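In structure tokens below, several structures.
Note that subunit A is present in both complexes that follow, paired respectively with subunit B and with subunit C.
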Partner chain A sequence: MTGLFGVLRREALLEWRRPGRWSSLVFFSAAVVLLVAFASPSEAALREQAGGTFWVAILLASTRAVDQAWQVDLENGALEALVLWPVEPAVLFYAKVLALTATLTTVALATGPLILGMYDAPLRGDVGTLLLLLVTGCAGLAAPATLLGAMTAQARGASVLLPLLLFPLVVPALLAAAKGTSVLLEGDPMGQAPAWLGILVTFTALHWSLGGLLFGRIVEDG
Partner chain B sequence: MRPPSKAERAAYAIGLVLLIVGHGLALFWVPPERMMGEVGRILYVHVPAAWLSLVAYTISFGAAVGFLFTGRRSMDHTAVASAEAGVVLNALLLATGSLFARPTWGVWWTWDPRLTSSAVMWLTFVGVLLLRSVVHDPERRATWSAVSTVMAYVNIPITYFSVQMWRSIHQVQSNPGTMDSDMVFVLRFNAFAVLFLLLGWLGTGRRIAASIDARESAPPLESP
Partner chain C sequence: MATGMSIAGRGLARRFGPRWALAGLDVDIAPGELIGLTGPNGSGKSTLLRLLATALRADAGWLKLDGQDAWGERSELRPAIALASHATGLWDDLSAAENLGVWARMSGVAPDVIAQLRRVGLDPDRRDPIRTFSAGMKRRLALARLFLRRPRLALLDEPSTALDVNGRFLVRGLIEELISSGTTVVVATHHREELDGASVRWMALQDGRAA
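For the complex of A and B:
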């Protein structure tokens, strides 16, 4: 546990010292929210797709976030030093995933009100369930993004591959989060939100376990 | 590169003969499908491609897990060869599905769970192969592609389940009880044809992967 907190503290310090990192992600997702509006046929359609657009913005921001996170670790051999720390690679993985989850949740909390206001989306459902969905969604995206980012950041010229590897992989998470958010915004009259949350939790549990098992192979062989 | 083995040549020869006979049976012998008519004959390519692409991905997954446990490079060669075969069969599945969808459903593409998950599966494994292509160190390439193959494979059921909750218009899968016995026979016949071709392909793919590995692992030539 001490190791986990040690790595988490390091990640928090990095974010604290470079506030431009997470704030640029907020503006990035705001730009996505703005741009999607131009592709929408009507304001009614915009309202209906608010949940989906929100999660697409978070997913796109996650690729930038994970690139940034690994870039710092590749400078001056920081990753080698991290691997030599007396902590298991799995601990390192979970610390990185928790840090990315926190970053994405911050971006999501900033983007949420923006999309509610700009898309004139209703908020009729339970806010607590919506927040739970939001944190689980960010955690679900963070695990595969961290694992794949560790590979693509180390390979020269492969950062373009991160979206290609990540996007098809996170289809279940994106679909569940987007549909869950949409039904919650509408007040969830058919009680569908728990089912979508269930898929999201399953996806998150699967990729958190898998990442913990596989991460060591990537950084040790890297 | 090593020459092809007898088993590899035999697999290609048997596969090719079975494929020619199987397609002849599918086109001229078996009766047309009751609802879809002549269009239904495309299923004799579509369904074996679907079965065998899953078989190829499963072999790739097994070999990737095997590589992660044993570190044997031959496992990596099997994993990449079968992933490549899976991607090609999956592309054939999507292409024939699209050709079949147009006269049957009136559209080239629809967001049905089977179609959507097949497309997602295809893109995921294309990503794995592209990742391989940018990593030059053979050891690192083998490890990374094994990791991404495992991730891609275990994701298949949850992707299918999530898109099934989303929407569905695909026909319910037939089974031998609901199909004419001649149709079942030709479907299985064609599946065996593709299976033998797949085995031949695995042999060729393994040889190519081994030769790339040998070339990239060789020490640099000494300057005179």
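For the complex of A and C:
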């Protein structure tokens, strides 16, 4: 556990020292939300798209966030030094995933009010369930994004390769998060939100487990 | 006093794409020995150091550290190995003290950051990110990182690169300190005079083989 706290502290310090990174991610997701709003044919369509647009914006921001997170560790060979340091690869993975979850949750919390305001989509459902869905969705995106980010970070054309691999993989999470958010915005009259949340929790648990097992093989040579 | 690590390898080979960086090298190093590794650029010095550090896996041959398979037992061996490679392994956005503190805490070591910074001639009160540091200062900091733990095998890849005269004396002092504590030390260098007077055994490489 000492290792995990040490690595988490490192992630926190690196984030703290690069505040511009967070604001650029928020502006990026806000730009996606605004562009979709401008391109939408009607206000009614806009309302229906609110949940989906929100999660697409978070997904796109996650690719930028992962790119930047790995770049920091590749700059001066810190990744190899980390692998050789007596820290379990799984600890490195979970620290990175937790940091990315925190980043994405912050971006989501900043983007949420924009969606509610611009898309004329007042929140009628339970706020607590929506927050739970939001955190679980961000955690669900963070694990595969971190794992695939480690695979592609050193490849040529990493910024293209990562979305190509990530987007198909996270379709179930995107679907569950978008649908769950949409029904909560509408007040969840049929009580569907817990089912979507359940799918999201299963997806997240699966990818957190798989990531912890596979990460060592990805960052190690051979 | 720490006991140095023994190294034995036969037919070590490692390929990067079509090119063999090491092409069948035998290595035997006794615990506590100081090895000077020389050879022209591209002769395989850095690759050998990374193999010894268990950062790379050999494509052919075998390597044993303390009688254990280096790759198979890498998790157990790594805490006793320190590699100072060309890359500093530091984060430019953090200060020198933060960098060392982070590395120390990740391995559960109580960080004596100020002493380590003074030891390598860096100002412990400097709070600016190390992206403002010169290459030589970053090299000093990278060497300080090496001493956060007590390695039994220290691998130094051209440790004096970018260092001034004082820095070269510092490296020499650090190597002597490692040797006197029983650590096995392998230094890749283009400048034999850096290890003058020390009880060093030289190994020369050429095209991935012993010259």
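Just so we're on the same page, the second predicted complex is superposed on the first by the 221 of 222 C-alpha atoms of A that agree within 3 Å, B and C clash if a C-alpha of one lies under 4 Å from a C-alpha of the other, contacts with A are read in each partner's own complex, and residues count from 1 in each chain.
Note that a contact is a pair of C-beta atoms (placed from the backbone, for glycine too) under 8 Å apart; a residue touches a chain by one contact, two chains touch by 3 or more.
Here the structure is a predicted model, which means the values were calculated and not measured.
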item: First (subunit B), second (subunit C), both or neither touched by A:Leu214; value: first
item: Subunit B versus subunit C as contact partner of A:Ile199, first or second or both or neither; value: first
item: Touched partner set for A:Pro86, first subunit B, second subunit C, both or neither; value: second
item: Touched partner set for A:Lys179, first subunit B, second subunit C, both or neither; value: first
item: Touching partner for A:Pro168 - first (subunit B), second (subunit C), both, neither; value: first
item: Touched partner set for A:Gly128, first subunit B, second subunit C, both or neither; value: neither
item: Subunit B versus subunit C as contact partner of A:Thr152, first or second or both or neither; value: first
item: Per-residue contact with subunit A, leading partner among subunit C and subunit B; value: B
item: Common interface residues of subunit A - those touching subunit B in one complex and subunit C in the other; value: 221-222
item: Footprint of subunit A on subunit B - complex, ascending; value: 68, 116, 120-121, 123-124, 126-128, 130-131, 134-135, 139-140, 143-144, 146-148, 150-152, 154-155, 158-159, 161-163, 165-166
item: Residues of subunit A touching subunit B in the complex; value: 144, 147-148, 151-152, 155-158, 161, 164-165, 167-169, 171-172, 175-176, 179, 195-196, 199, 202-203, 206-207, 210, 214, 217-218, 221-222
item: Contact footprint of subunit C on subunit A as seen in their complex; value: 2-3, 5-7, 9-10, 13-14, 17-18, 72, 75-78, 80-87, 221-222
item: Contact footprint of subunit A on subunit C as seen in their complex; value: 53-57, 71, 78-79, 81, 83, 85-94, 98, 102-108, 129, 138, 145, 149
